[in-house]
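Naming follows writing order (A, B, C and D), and every chain is counted from residue 1.
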Amino acid sequence: MNKARISVIVWNEFQHERENAAVRAIYPDGLHAVIAQALSETPGLNPGALPLDVGTATLDQPEHGLSEARLADCDVLVWWGHKAHASVSDDVVERVQRRVLEGMGLIVLHSGHFSKIFRRLLGTNCSLKWREADEKERIWVVEPSHPIAAGLPEYFELPFEEMYGERFDVPPPDETVFISWFEGGEVFRSGLCWQRGHGRIFYFRPGHEAYPSYHDPCVQRVLANAVQWAAPRVNLVDRCPMAAPLEKIAQKDVVFQRLGVVQTHKDLQ
Amino acid sequence: MNKARISVIVWNEFQHERENAAVRAIYPDGLHAVIAQALSETPGLNPGALPLDVGTATLDQPEHGLSEARLADCDVLVWWGHKAHASVSDDVVERVQRRVLEGMGLIVLHSGHFSKIFRRLLGTNCSLKWREADEKERIWVVEPSHPIAAGLPEYFELPFEEMYGERFDVPPPDETVFISWFEGGEVFRSGLCWQRGHGRIFYFRPGHEAYPSYHDPCVQRVLANAVQWAAPRVNLVDRCPMAAPLEKIAQKDVVFQRLGVVQTHKDLQ
Amino acid sequence: MNKARISVIVWNEFQHERENAAVRAIYPDGLHAVIAQALSETPGLNPGALPLDVGTATLDQPEHGLSEARLADCDVLVWWGHKAHASVSDDVVERVQRRVLEGMGLIVLHSGHFSKIFRRLLGTNCSLKWREADEKERIWVVEPSHPIAAGLPEYFELPFEEMYGERFDVPPPDETVFISWFEGGEVFRSGLCWQRGHGRIFYFRPGHEAYPSYHDPCVQRVLANAVQWAAPRVNLVDRCPMAAPLEKIAQKDVVFQRLGVVQTHKDLQ
Amino acid sequence: MNKARISVIVWNEFQHERENAAVRAIYPDGLHAVIAQALSETPGLNPGALPLDVGTATLDQPEHGLSEARLADCDVLVWWGHKAHASVSDDVVERVQRRVLEGMGLIVLHSGHFSKIFRRLLGTNCSLKWREADEKERIWVVEPSHPIAAGLPEYFELPFEEMYGERFDVPPPDETVFISWFEGGEVFRSGLCWQRGHGRIFYFRPGHEAYPSYHDPCVQRVLANAVQWAAPRVNLVDRCPMAAPLEKIAQKDVVFQRLGVVQTHKDLQ
C-alpha cells in the first residue's frame, strides 16, 4: 500500500437524528458528520501519521453508500448502527467482510456491537449488559503505549453515557486498550483490537446517540488514532492455490496404490 | 456441567467412501466409524479424563443427524467434510454455532477448514495451500505441556499425506500446539485452539480421505486428547439484558452545557 | 503427571500477623493457615477435579520452607508476600522459577505482584496504583466458562479492600478472568493467567492483610479452582540439545559464492 | 515520542570475528558493521517510516558501549551475542531491561536467544534444538500483513544456515510472523513479537556467524522493518503510586476497626 493518504468512510445508519429532536439537537447533520469533521481536523500524533481523506455513507443511499468501487478505494471504514442493523443488506455485509479480510481497517462504534458485519467477522453473539441512566463513564487507558492511546491522559471521563457492562461476548481480543468504570457499578472492555485476515478491527464503546460523546476531544483523539492504526499495510486476497513442491519428494519404495489400495496403513510400515 | 461422561458426535459428510473404491478400502464404513471407534477405545491420559459416549452423524441423515435435541445433549462435535460443504443446511450451521457459543466443543478436521461452520465461527476465509503428492508430514509438538499433546513424542510422522501450507488464513489462535514440516518444503500450523463464546474449537490438519491417517495411533491420541480438552465446562446462553444499577447514580443538577446545549439531559429524551 | 492427587504449598512471609494485632485478629495463625484450610475443605467443581494435599511454608523457615526436595514434590505453589520481598533468597527464587518452567503451577496473591518470583517470571515491573481506604471491590467474571470461574456468580463483592488500579505493568495475559470495579473510581484486571515454560501462573488481586478477604467463600472458591487449573500436566526439563538430521541433507557442490567468498563452507570452519 | 528520526544501536559481542579467520572473511569489521550499514541503506517500506541514525556498540567497550546516556537516547537496540553471554555485566542488563520497559525497542538475533537480556525479559529458559550442517532454511511468512513482513515474498531462503528446532522455550508470542522449514526435517518459529512494559521485542532466528546471512537482502529487509516496528511510541516510567479516590467513598455504617478488630468478616455482614 504505502499510500501517502488514508481514505476513510464514516458510515451511519442515520435514523435517530431524523426521528428524535433531542438527538438532532446534538447531531443536527447526523453523528457521521461530527465524526467525519473531527477526523478531518484532528492531527495525527503517532510517528508517521498520514493525512486523511474523509467521506461519509448512510443506510438510505444506494448500496448503503458502499458500492464495490467505493469500498475498493476505502482504507478504513467507521461503523455506527443501532436500530436498523437488520436493514443492512447481506450483500453489502459480505462485501465489507471481504474488504476487511483483504486489509481494510474497520472501526466499530458503540451499538455497532450488534451489527451484522461485527458479528460476522467475530463469529460470536457480541452481547453485553446495558442501561440508560445518565451516568458517568471513566475510561482507563490500560495500554498507554498502544498507538490508539497516543496523547491521552491515564483516564478520561464522559459525564453522561449509556452503560455497557460485562460479560461482553467477543473472542479474546489481541489487545485491550481501554477498560471503562461506570458510576452504577459495572466495568467494560471499551477499546479492543482484533486482526482478521489482513485487516484490523477496533471496537470502541462510547457513543450513545442521546449524548454528545463524539464532540468530546478525547473521544475524537481515540478515533483519529484508531484510523491511523487500522489503515491497511497490504492489500492481499487470500486464495487456496494448489502448489508445486519446492523440494524433491522421495520415490516411495512401497507403492501406495491410491486407486485400489488393499493394504492397511499397518502394511505400509 | 460437571457431568460424569462426555457425549461426542463424529460428523462426516460420508461421500468419498461411497464413491471411491480406494477411499472405501481404507475406511469401509466411513472415516467417522474409524474415528468413533478410536475415541471409544483410546483411554484418556489427562488428569481427570472422563469416559466418552461416542455416536456418529452424516450429511444424508435428516437434519444431517444434528437435530436440536441431539445437539442439546452433545458435548463435543467432531467435523469432517470436503466436497459437500455447500450441501450443509444453513439452519444446521447456525444451530451448531449457537451450541458452540453456549459451550459445546468443536473439533474440525483437515478439509473441514472450508466448512461453513468453521468459517462462520472464525470469520475469515480459512484458505491455505495444498498439494496431493504422497509426501511425508512430520508433526512437531510445539507445546508439549498442552493437554492435547499428552502422551505424544516430540514429533510424529505420517508417511503419506496431502500437503497443507501457509499462509493459513485464520484468526490469531489462542494456542498453537502443532506445526507440520512437509517433505515438499512447506510448513503449516497443524493444531490450533480458539475460544468462541463459551465453546472451545480445535483445528487438526491431518486426515485426507485417500490416506489412512485416522488409523494412526498418534492421530488417534490427539483426537482423544482434544475431546477431553474441548468438553464444556459450562452451558451458558449469553443474552443482552438491561441491568439495574448496583450503585447509586448521582442526581445530576448540571445541565448539558458541554456543547452549549441548553436542555438538561432529561429534556433530550 | 497424571497423579491422583495435587500437592500444594501455601507460602506466606508471615510478618504482619506477628507484628500487628489487628491483622492477627483476622489471621491468628497467619493467612497461610486460613488459605490452606480453605483449600483442604473446598471441594473441586471442575470435571475431573483431584483431591489436594495442602501444606504451608514461611519465610523464617530454613530455605524459606522451600527446599529442593519439597519443591520437587510440589504441584502448585501459592505465594503471599508484602513487606519482606527483599528478604527472599535469590537461590530460592531461582529454584522456584526452575520448577515453574518444568511445570509446577504458581498462584501469586495480592501484594505478591512485587515479589521477586513474579517479577522474574514475567520480566516487567509489575507496578500498579494503590490506596487503603476501606472501600468496596466488585469483582466481575469476564470469562464465565474459564475453569477458574467455576461456581461463581457473575460478580462478587468484598465490602472492604485495598484498591489496586491500572495500569498494571504485566505482560499481555493469556487470559483475563476477572476485572475489578472499585468504589473510589478505578478498575483493575484482577485475575490473570500466563503460561511460562510448562508451568501455569495465576495472579489474583484480593487479599490485603488488614481485611478478612481470605475468609470470603467466593475468594476461597477462586483459590480452589485456580489450584486445579494450575496443576501440572507434565514435568519437563527443557534443554538445548544438538540434534542429528532427520532428513538427508544435500551434499553441496557449490561453493560459497554469494558474497564473492571463494571458500566452500567447509573452508570456513 | 513522535521523533522525526529513529536512533538505533547495533550491539555485538564481536568475538568470533576476531578469533576465527573464516568468520572474519564474511564479516571483516564485525557483523554489527554489516547490520548497521544495511540498516542505514535500506529504505523503510511501511507508511510513515522514519529515517534512522545507526550506531554500534561492542562488549569490550566501557560499559559495553551502553552507558546510561547512550541508552537514554536509543530508540531501538539490536543484539547479537553467542559465546560471551556470561561476560555481559548484570548492571548493563538491568539498564537495558529498564529501558525496554520504558519503551525502547529490542531486536534479538539468532544465538541471542540465550543472552541474559532476552531471558530476563521473557522469564523462560529460551532453549531450543540446534545443528550446524550447512543446510537450507526456508523462511515462510505466516503474517504477510505484519509490518515486519513488508516487501517480502511469501517465503525466502538461506542456502546455508545453522538449524534451530522446536520446542523453543519462550512465552506464547503476541504475534508469529515467520516459521522456518529446515532441510534436515525441523520447523522453528523464526520471527516472534512480544510487548514487555512499553517496549516491543522481536526475535529473529537467522544469523549464525559462519554464514553470510546478514548480507542477504531479505534478512536486511526484515531487520529494517523490525526497527520501524519496534521504535518507541512513548517513553514512560511505570511507578507504583498511592492514589487518592476519584469518587466519594461511602461512610461505612459498620465501623471496621482496623486497629483492634475483633469481628470476623461474617460479623460484618
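Please note the rule applied: a residue touches a chain if its C-beta (ideal position, glycine included) is under 8 Å from a C-beta of that chain, and two chains touch if they have at least 3 such contacts.
No experiment lies behind these values; they were computed from the predicted model shown.
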For chain A placed onto chain C, the superposition rotation in degrees, Cα atoms, nearest 5: 180
Chain D against chain C, contact positions shared by both copies (same if over half, else different): same
Per Cα centroids, the chain farthest from chain C: A
Whole-Å separation of chain centres (CA-atom averages), chain B against chain D: 34
Distance between chain centroids, defined by C-alpha means - chain C, chain D (Å): 25
Rounded Å distance between chain B and chain C, as computed from the means of their C-alpha atoms: 30
Where chain B touches two or more other chains, by residue: 138, 144, 165, 167, 172, 174, 183, 185-186, 195, 197, 246-247
Touch-based graph of the chains, sorted into line, ring, star, complete or other: complete
Chain A residues within the chain B interface of the complex: 22-23, 25-26, 97, 101, 114, 120-125, 127-131, 133-136, 159-160, 163, 165, 167, 169, 171-172, 174, 183-186, 194-197, 210-212, 215-216, 238-247, 249-250, 252, 256-262, 264-266, 268-269
Footprint of chain D on chain A - complex, ascending: 1-3, 45-50, 103, 138, 144-147, 150, 174, 183, 195, 197-199, 231-234, 236, 246-247
Of chain A, residues touching chain C in the complex: 138, 140-144, 154, 165-168, 172, 175-176, 179-182, 185-187, 189
